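Below you'll find the structure I mean.
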Amino acid sequence: MVQTADRYQVAALEALPDDVRERIVAVQEKSGFVPTVFLKLARRPDEFRAFFAYHDALMLRENSLSKGEKEMIVVATSGANGCLYCVVAHGAILRIYEKNPLIAEQVATNYRKADIPARQKAMLAFAMKVATASGTIEDADFEALRPHGFSDEDIWDIGAIAAFFALSNRMANMIAMRPNDEFYLLGRLPREKKA
Amino acid sequence: MVQTADRYQVAALEALPDDVRERIVAVQEKSGFVPTVFLKLARRPDEFRAFFAYHDALMLRENSLSKGEKEMIVVATSGANGCLYCVVAHGAILRIYEKNPLIAEQVATNYRKADIPARQKAMLAFAMKVATASGTIEDADFEALRPHGFSDEDIWDIGAIAAFFALSNRMANMIAMRPNDEFYLLGRLPREKKA
Amino acid sequence: MVQTADRYQVAALEALPDDVRERIVAVQEKSGFVPTVFLKLARRPDEFRAFFAYHDALMLRENSLSKGEKEMIVVATSGANGCLYCVVAHGAILRIYEKNPLIAEQVATNYRKADIPARQKAMLAFAMKVATASGTIEDADFEALRPHGFSDEDIWDIGAIAAFFALSNRMANMIAMRPNDEFYLLGRLPREKKA
Amino acid sequence: MVQTADRYQVAALEALPDDVRERIVAVQEKSGFVPTVFLKLARRPDEFRAFFAYHDALMLRENSLSKGEKEMIVVATSGANGCLYCVVAHGAILRIYEKNPLIAEQVATNYRKADIPARQKAMLAFAMKVATASGTIEDADFEALRPHGFSDEDIWDIGAIAAFFALSNRMANMIAMRPNDEFYLLGRLPREKKA
Amino acid sequence: MVQTADRYQVAALEALPDDVRERIVAVQEKSGFVPTVFLKLARRPDEFRAFFAYHDALMLRENSLSKGEKEMIVVATSGANGCLYCVVAHGAILRIYEKNPLIAEQVATNYRKADIPARQKAMLAFAMKVATASGTIEDADFEALRPHGFSDEDIWDIGAIAAFFALSNRMANMIAMRPNDEFYLLGRLPREKKA
Amino acid sequence: MVQTADRYQVAALEALPDDVRERIVAVQEKSGFVPTVFLKLARRPDEFRAFFAYHDALMLRENSLSKGEKEMIVVATSGANGCLYCVVAHGAILRIYEKNPLIAEQVATNYRKADIPARQKAMLAFAMKVATASGTIEDADFEALRPHGFSDEDIWDIGAIAAFFALSNRMANMIAMRPNDEFYLLGRLPREKKA
């Protein structure tokens, strides 16, 4: 198999600042492998810290969006941006959170056809507009979310996740970041157990 | 799980003409399930027959494109068209032919990042232009394929597959054809054996 | 006059399988000339047979769309795809069926400005969406056709014709198929009679 | 036949200023009918005078572009803008100047497939870029015209005609200007003679 | 500072026809400098005369659009076309007419975010559609302007200004016309007085 | 003057965590006003901290891009995204860094026409591709920057700034963030002094 070389070398773990290395080791211990994004961004510790601080502020925040819904936003907008890394890595996380082995391809390819309720389709329609035509967002876009129970704070969350992955997708595309092989199968097997 | 209803009912097997039913039964026996496209198109036997005759003429033809390469064309252009059915169904076939559990997401999301050689990237660039901007194809597009060893007949095959799935994607999108659940996992497990 | 060479040679009639040659001869006898599409596709008899079987299944089918309406779909979507062959050849057929020497340029250039009733504009709006953005078709697009009396089966026909010519346009564009000179004047002269 | 109503009434000839009416009468005498554009724009005599002064400055100017080449620019860019009036009216003039009954559909639908030499294709490629993406014109676009013998003044002419019809197409589209029926057949019959 | 050379030399004032030179001198006396567009277009006196006659017919016409509103249309559509000259030159005029030092960047960058009332946003939405997608204008676009009090004649004015600057933007882009340095600061200082 | 209400209230300074408030106060003291982005994002301290940490990591980093070049990337890509806040606020900073009162409109409207050397145009071409079509970045885009002396690390910086402002633009567009009036005039007056 030919493997398309990604751009920029991964950081050498032993040369990293302690906090950066510790985060990477923690991920390794929890997941069994280190997602490439950690090793790639670690080349620049300040950007690494800001990136994951931002990620955590949005994705770990307790709010009315479920963990799965947050990942749906990531997967749908990453598909629109042609970002292989994020589609594959977050597709895996989405399958796990939703306990649904089919959901990632559905949301990445065309969320209108996904097996999700109208609330989540409305959420993704807004996220996609933030991702692809944010200059044209208007009050009507906010109004379209109200009947589904989304508050102003929820809408901020939806848009902010789409905005953060606009950044993330562009970085991954620029440096040709290759998703770890492990992601492709995660969350696909119904009997799969996390120890 | 909410399932988005697809449009148009599937045909009742017993009401179909013999040749149509026989093809469906044969697929069922070989694959263990009937891909939805057979049951949806069978509603109109003449279109069914023409569709599969065309499909077979292109996809079963012996030529210098491998079976996997033909499926790459299907998966890449179906991704560009936002066709969930074809991405998922042909993604499964692509994984099987290439014996590569990672290839489908790669080609569907962004073939430029796929683990494929330059020859196949050039092939997909041409196929994508046929799929999305065929009116602007010019001699230079043909010339770009020559250094990779593609003959005029090969190029016809590449373009014709992209053209046929332009039809197929539009039908599937229009009728909201939902891919069978079975496709999602096919070809992902290394130990998988076809008896 | 410089004539832009089309790609791929036409088939030699005498070398063709009987059924293919017979169809071509029949067209020649009926029309007085052989439209280039027959000679170009005949290079590959299996594709030829499937192409025309599909064409006939859709275009000769008796349903609530008139022959002229079917050709309007072809001409409008072929214009959007920049397909010279189909605009010119099917423009001629459209003029003849509609007994309207003005209709082809109108529909090919901008159907919104054509001298056609609201029903046909709605039909073409749906066909154009199938042709150019099929991934975004949703229930509202179906609903927009109901007030004009289109049934689900009619809508299938509209979309399927747009889908089939998505294939046809791409083939003609790829091989640079040049329309026969005869098409340009057909159906333009009010006194014209078909014997 | 349903006729799509165009917007804005035509001017009453007797109420027009003398110079405007005289130009219209002169056209009527020369062509045998009054192209709608004269009657529509005459509603506003100052705009009428400026429009035709500009038109004449560009289209009647003696330079290295032939009359037919100027009309090719009009027809190609009007096709790209979906302007039915200009495609049909200037398509007729193009056929007459080029003594070629096939040229209008070719250039309006896809100039890349037209029976024209490389010089004219290069000319139209530049005109189309002025028409559709003028902000991205760069020195390389000028350089691409040099091998075909176009001077800086010629390039000004090409671009200025494309620019003027950017205006004209938008006016015709906005007011839904319907081309006179007479245009459709003009220049199509080889035996046609202008007295 | 590197200055990007614009294309085509400016005309020599003394070599120009009297009427053209006199207009330029008059502008010089009124404004204190000669906007480049006068010197560039003067190379071709007939086009110069037609261009400014058209400009004056639209921009000096007394109607229900204020002078500032007319300039808003110019600035918004010129921004969409990436025309630096018109954004800067007409941005200055817009600031002066509106006595608003902030308005030009707002309208040029994204009129939806500008500090203008709903009437002017509706006006600009129509103008932008004429500028960028005139072939799709339909009755609904006219209807959207009625509640804001725009008559058919007003709408003609809005569309005609957008159409004229479609021409103007394309000329300026083609010849890489550089805005005079003076424009950038005009109308920005609240105490600024015109003697 | 009608002011378009921006969405989401600004944070109350006294209710903010100390570190957030201190940063805001420091900006106030240095600039004489508080750019709205600080008050808007402070509603969510964690996102505020991550946003400005990321901003500082990229924009304050010592590397081969000048401060002005970094701001050019911001202004050009923000123009492409229709982000009024970033065009105006960073346009001001760009004028100050470059000591060039004309540069902001040039870069925001069409960097191809800006008074900048070829090196900076190449830099902006890459940044714009990251901003608008990152999925299509390929090795040739990197190669185009080499002759201008950009290293791999420089290219990371260019792309990362474009990526970060893809996030920033989307947030500002979503919440309709209005630029402070002060920004519009900053850096325009040659005699302007920073005490």
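The letters A, B, C, D, E and F name the chains in turn, as written, and every chain counts its residues from 1.
To be clear about the criterion, a contact is a pair of C-beta atoms (placed from the backbone, for glycine too) under 8 Å apart; a residue touches a chain by one contact, two chains touch by 3 or more.
A quick note: this is a predicted structure, and the numbers were derived from the prediction, not measured.
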Common touching chains of chain F and chain E: A, D
Option reproducing the contacts of A-F, where over half of them reappear, out of A-E, B-C or E-F: B-C
Same or different contact residues where chain C meets its copy chain B, judged by the half mark: same
Whole-Å separation of chain centres (CA-atom averages), chain D against chain F: 44
Intercentroid distance (Cα basis), chain E paired with chain B, Å: 51
For chain D, residues that touch 2 or more chains besides their own: 82-83, 110, 112, 135-136, 173, 176
Graph class of chain-chain contacts, one of line, ring, star, complete, other: other
Chains that touch, pairwise: A-B, A-C, A-E, A-F, B-C, B-D, B-F, C-D, C-E, D-E, D-F, E-F
Interfacial residue positions of chain C with respect to chain E in the complex: 110, 112
Touching residues on chain A, where the partner in the complex is chain E: 135-136, 138
Chain F residues within the chain E interface of the complex: 1-4, 79, 82-84, 87-88, 91, 100-102, 105-106, 108-110, 113-117, 173, 176, 178, 181, 184-185, 188-189
In the complex with chain B, residue positions of chain C that touch it: 7-8, 44, 46-47, 49-51, 53-54, 56-58, 61, 81-83, 130-131, 134-137, 142, 152, 155-156, 159-160, 162-164, 166-171, 173-176
